[in-house]
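Here's a structure for you.
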Amino acid sequence: MALLDIKGLKTHFTTDAGILQAVDGVDISINRGETLCVVGESGCGKTVTAMSILKLIAMPPGKIVAGEIMFEGRDLVPLTSHELDDIRAKEIGFIFQEPMTSLNPVLTIGEQIAESLRRHEAVTKKQALERTVDMLKLVQIPNAAGRVHHYPHQFSGGMRQRVMIAMALACRPKLVIADEPTTALDVTIQAQILDLLQDMKERFGMAVMLITHAMGVVAETAQRVVVMYAGKVVEEAPVDELFGNPRHPYTQGLIRSIPRIDLDAAHKTRLEAIGGSVPILINPTPGCRFAPRCKYAMSICTEREPRLREIAPGHRMACHLGDAS
Amino acid sequence: MAGLTLASPSAEPQRRGYSPWRETWRRYRRHRPAVVSAVLLLLLIAAVVLGPFAWRVSISDMDVVAGLQGPSLAHPFGTDDLGQDILARMIYGGRISLAVGLAAMLVSVFVGTLIGALAGMSRGALGYALMWLTDLFLSLPQLPLLLMLIYLFRDGLKAVFGPEGGIFILIVLVIGGLRWMPVARLVRAQFLSLREKEFVEAARALGASPVRQVVRHILPNALGPVIIAGTIDVAAAIIAESTLSFLGLGFPPDTPTWGRILYDAKDFLDIGPHWALFPGGAIFIAVVAINFIGDGLRDALDARKVI
Amino acid sequence: MSQYVLRRLMIAIPSLLGISLVLFIVLALAPGDPFGELATNPNVPPEVQAALRAKFGLDDPIYLRYLHWLAAMAQGDWGFSFVSRMNVDTLILQRLPTTLYVIGSAQLLALAIAIPVGVYAATRPYSIFDQIANTFAFIGFSLPTFFTGILFILIFSVKLDWLPFVYSTDIKATGIPWVLEMIRQAIMPVMVLGLFQAASMTRFVRSAMLDVIRLDYVTTARAKGLGQAKVIVKHVMRNAMIPVVTLIALQMPAVFGGAIVTEQIFRIPGIGSLLISSILANDTPVVMAVTFVFACLVVLFNLIADVLYGWLDPRISFR
């Protein structure tokens, strides 16, 4: 049984202009101890999917209108925010994109990590502090015993993201959701944070759901990959299969747009971009949502929506192109 | 590490027949209390401007026998202790109350725009000095200072402009002169943010003179916040004038502004409550209506809330 | 932290000097020379006149006069009130506690209303509660204090006869009845001033809360499973109070304005009503001194707000 099994999740937002179908029928499953990457452009619904798991989206205007989110065999969708509080941080930890704004500026980092421990585990104030210092040591913050009393503004961006990781892992969750954890950081720091995350995963054996738009990050960390486009999953495969045999035109486009520095000059090709932009998800047109940008688009693509189906063991995709061949 | 960003500039949805003023009006209309308030204020203005033509009762005819009567057909708002018709007095006084509010707003907007523009344009010591002055004025105790200024200067101005004109000029200048700071801050902030914007840079590159840059390019962009602040200023000035009159330090007794009527009425609350309730209610309606209009304008003019 | 307080104190001094300069310029520009008025007042004995002329240095150059005046003000030498027949500083010190008692109680009342209402409204934006609170707040700060005062007297004194509408300093009672009577007669003025303050404060609190509530670190806090109440109090409110403190400090001049009106309506013997009566009695030294005291109080409250701000926001006090 998968650790987390999302089926047919639809999260919609009510706006002045109409219903925004940010997530529209997403299936994702994560096994214990695996790293799953969710990739796609900004606005494709990957963050909303992740936030829906713990109901961290603003409700209203957001609402989970359909689907189920099975975590260890228990559906999280009907739970109230209050009931989810026992699962948040304790079972599922969350690492956010912006380390600069995701920490409360008026509380010491020690307080912010310890409050999670004190909420979920029967520990005294002193024990919570000791474990907080231990966590800070684990994420390689120098002079952890002293730094625990410092405020977020006294840390650099990379250090803050280490604090965020310590916070997310403090209660030893079975799953950690990391929403673009390196996007806001310097390139040199990005690799360090990914290494740390990998290191922590090996130590604690938790599953990781890594949301990113960087294909490079995917190649380095993932075991399985889910590609999302405009609120839907378009392809899902083990990482080697996805890079070796991408089947959806959108995935192919994503992979072609990775700069290749390993090729010599003779083999260098022009870096390709995918033309057009993500459609606005208010009253989307029928058919495949990628069709307007797809160079293989056929007449059926604008008429009927392609279903996600298995084309090889563990490899699923949603495109009419596969039907024809 | 190879990374890529896929975001591309999204196409702005084109709206046909787009006009900024129509868009503003559309957004203003959505603020229901503001629309009701605008109607209410227009009615109030119409009443004090056109009232004397419809209600031809003298404001100073005394009839002590008919003093302190409640509302009746002959006197819809009742009479005061001297038997003077309160409706007629309120129509007359309302003109002054509203005029003071408008004039004081104009003074504060003028002074505020001037100081804010100067502070926003100068990059040196002058800018700092003006901002220090603004902060200083913000921490002045307004009402005590207002009272002191009126105490010190009223006799001098009365001698030059007559009792009513002198007090009018004094009150307008003093209220306006003590309320320009928010406008100055807004205008300066607009200047600082707009000074570096592309279209102003473009105008500068094309050789537009500083004055032209300010008048043609910067001021129109600062207009929204200033209109909102100015609206609120009208309400504040009406309250300030009523407060002065209510304390007996505003207009003379024969100039029945709303605050002055309230001052005369406050010792007769037990036997003639109507005398205080009508002018008090008028001040309240005018102020609450203007404040709601300001709120509606904030919704309508705040460009950040577009989309 | 103590260094921060000290630095704030140093910043307060120039603004006090600036205010004193504004006051002095106003006085110097005023027609009829308010400084000289005493010296030329026929009721004043000639030897006092000569002493006054010397003390104010009426024939000195203007900057010297300012310095003399400033030195005299700083030493508490605020002149003599010919109307009350006592020294101005004694007179003001007699009246000041009453004013501070009324203003202080009103501020406490305002906070006690504004914080819970503003916080609750912000957690349920656009709900029925929020709309009602918003409407009341709007009406509240559009109602001038003099009109609310009159309405309160009409309702609670004239119609219901529950509360006295004249504030008395010599209550003929001792012990507990005296305390009760002191509270009873303060209810209406404190309500008038407190409700007016609460109206604008509620709006500040609500909008500050709404600004904070959508920030990333609040989502972080919710992701820790802390529960709504704890997230709101520990993470949102704690941060929202920082701008609220500044806004309340900016309101202080308006609060003193409201206090003057309230004291006048309910005949409270504080420095506000003293200001009005001395203006009506042409008692210039008292007018000047009371205005100066109000200015000092504003600076003092700004200072308190600054210290609170530094205490609430570690980013400030550590710098």
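Letters A, B and C name the chains as they come in the text, with residue numbers starting at 1 for each one.
Criterion: a residue touches a chain if its C-beta (ideal position, glycine included) is under 8 Å from a C-beta of that chain, and two chains touch if they have at least 3 such contacts.
Protein identities per chain, from UniProt: A = Oligopeptide transport ATP-binding protein OppD; B = Glutathione transport system permease protein GsiD; C = Dipeptide transport system permease protein DppB.
What you see is a predicted model; the values in this text were computed from it and never measured.
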{"item": "Shared interface partners, meaning chains that touch subunit A and subunit B", "value": "C"}
{"item": "Of A-C and B-C, pair with higher C-beta contact tally", "value": "B-C"}
{"item": "Between subunit C and subunit A, distance of the C-alpha-averaged centres to the nearest whole Å", "value": "53"}
{"item": "Euclidean distance of C-alpha centroids - subunit B vs subunit C, Å", "value": "23"}
{"item": "Residues of subunit C defined as touching subunit B within the complex", "value": "15, 18-19, 22-23, 26-27, 30-32, 34, 138-139, 141-147, 150-151, 153-154, 158, 250, 253-254, 256-257, 260-261, 264-265, 275-276, 279-280, 287-288, 290-291, 294-295, 297-299, 302"}
{"item": "For the subunit B and subunit C complex, residues of the former touching the latter", "value": "33, 132, 135-136, 138-145, 147-149, 151-153, 155-156, 235, 239, 242-243, 246-249, 259, 262, 266, 269-270, 273, 276-277, 280, 283-284, 287-288, 291-292, 295"}
{"item": "Residues of subunit C touching subunit A in the complex", "value": "214-217, 219-228, 234-235, 238-239, 242, 312-315, 318"}
{"item": "Complex contact set, residues of subunit A against subunit C", "value": "51, 54, 56, 58, 81-82, 84-90, 93-94, 96, 98, 101-107, 112, 115-116, 119-120, 151, 153-154, 164, 167"}
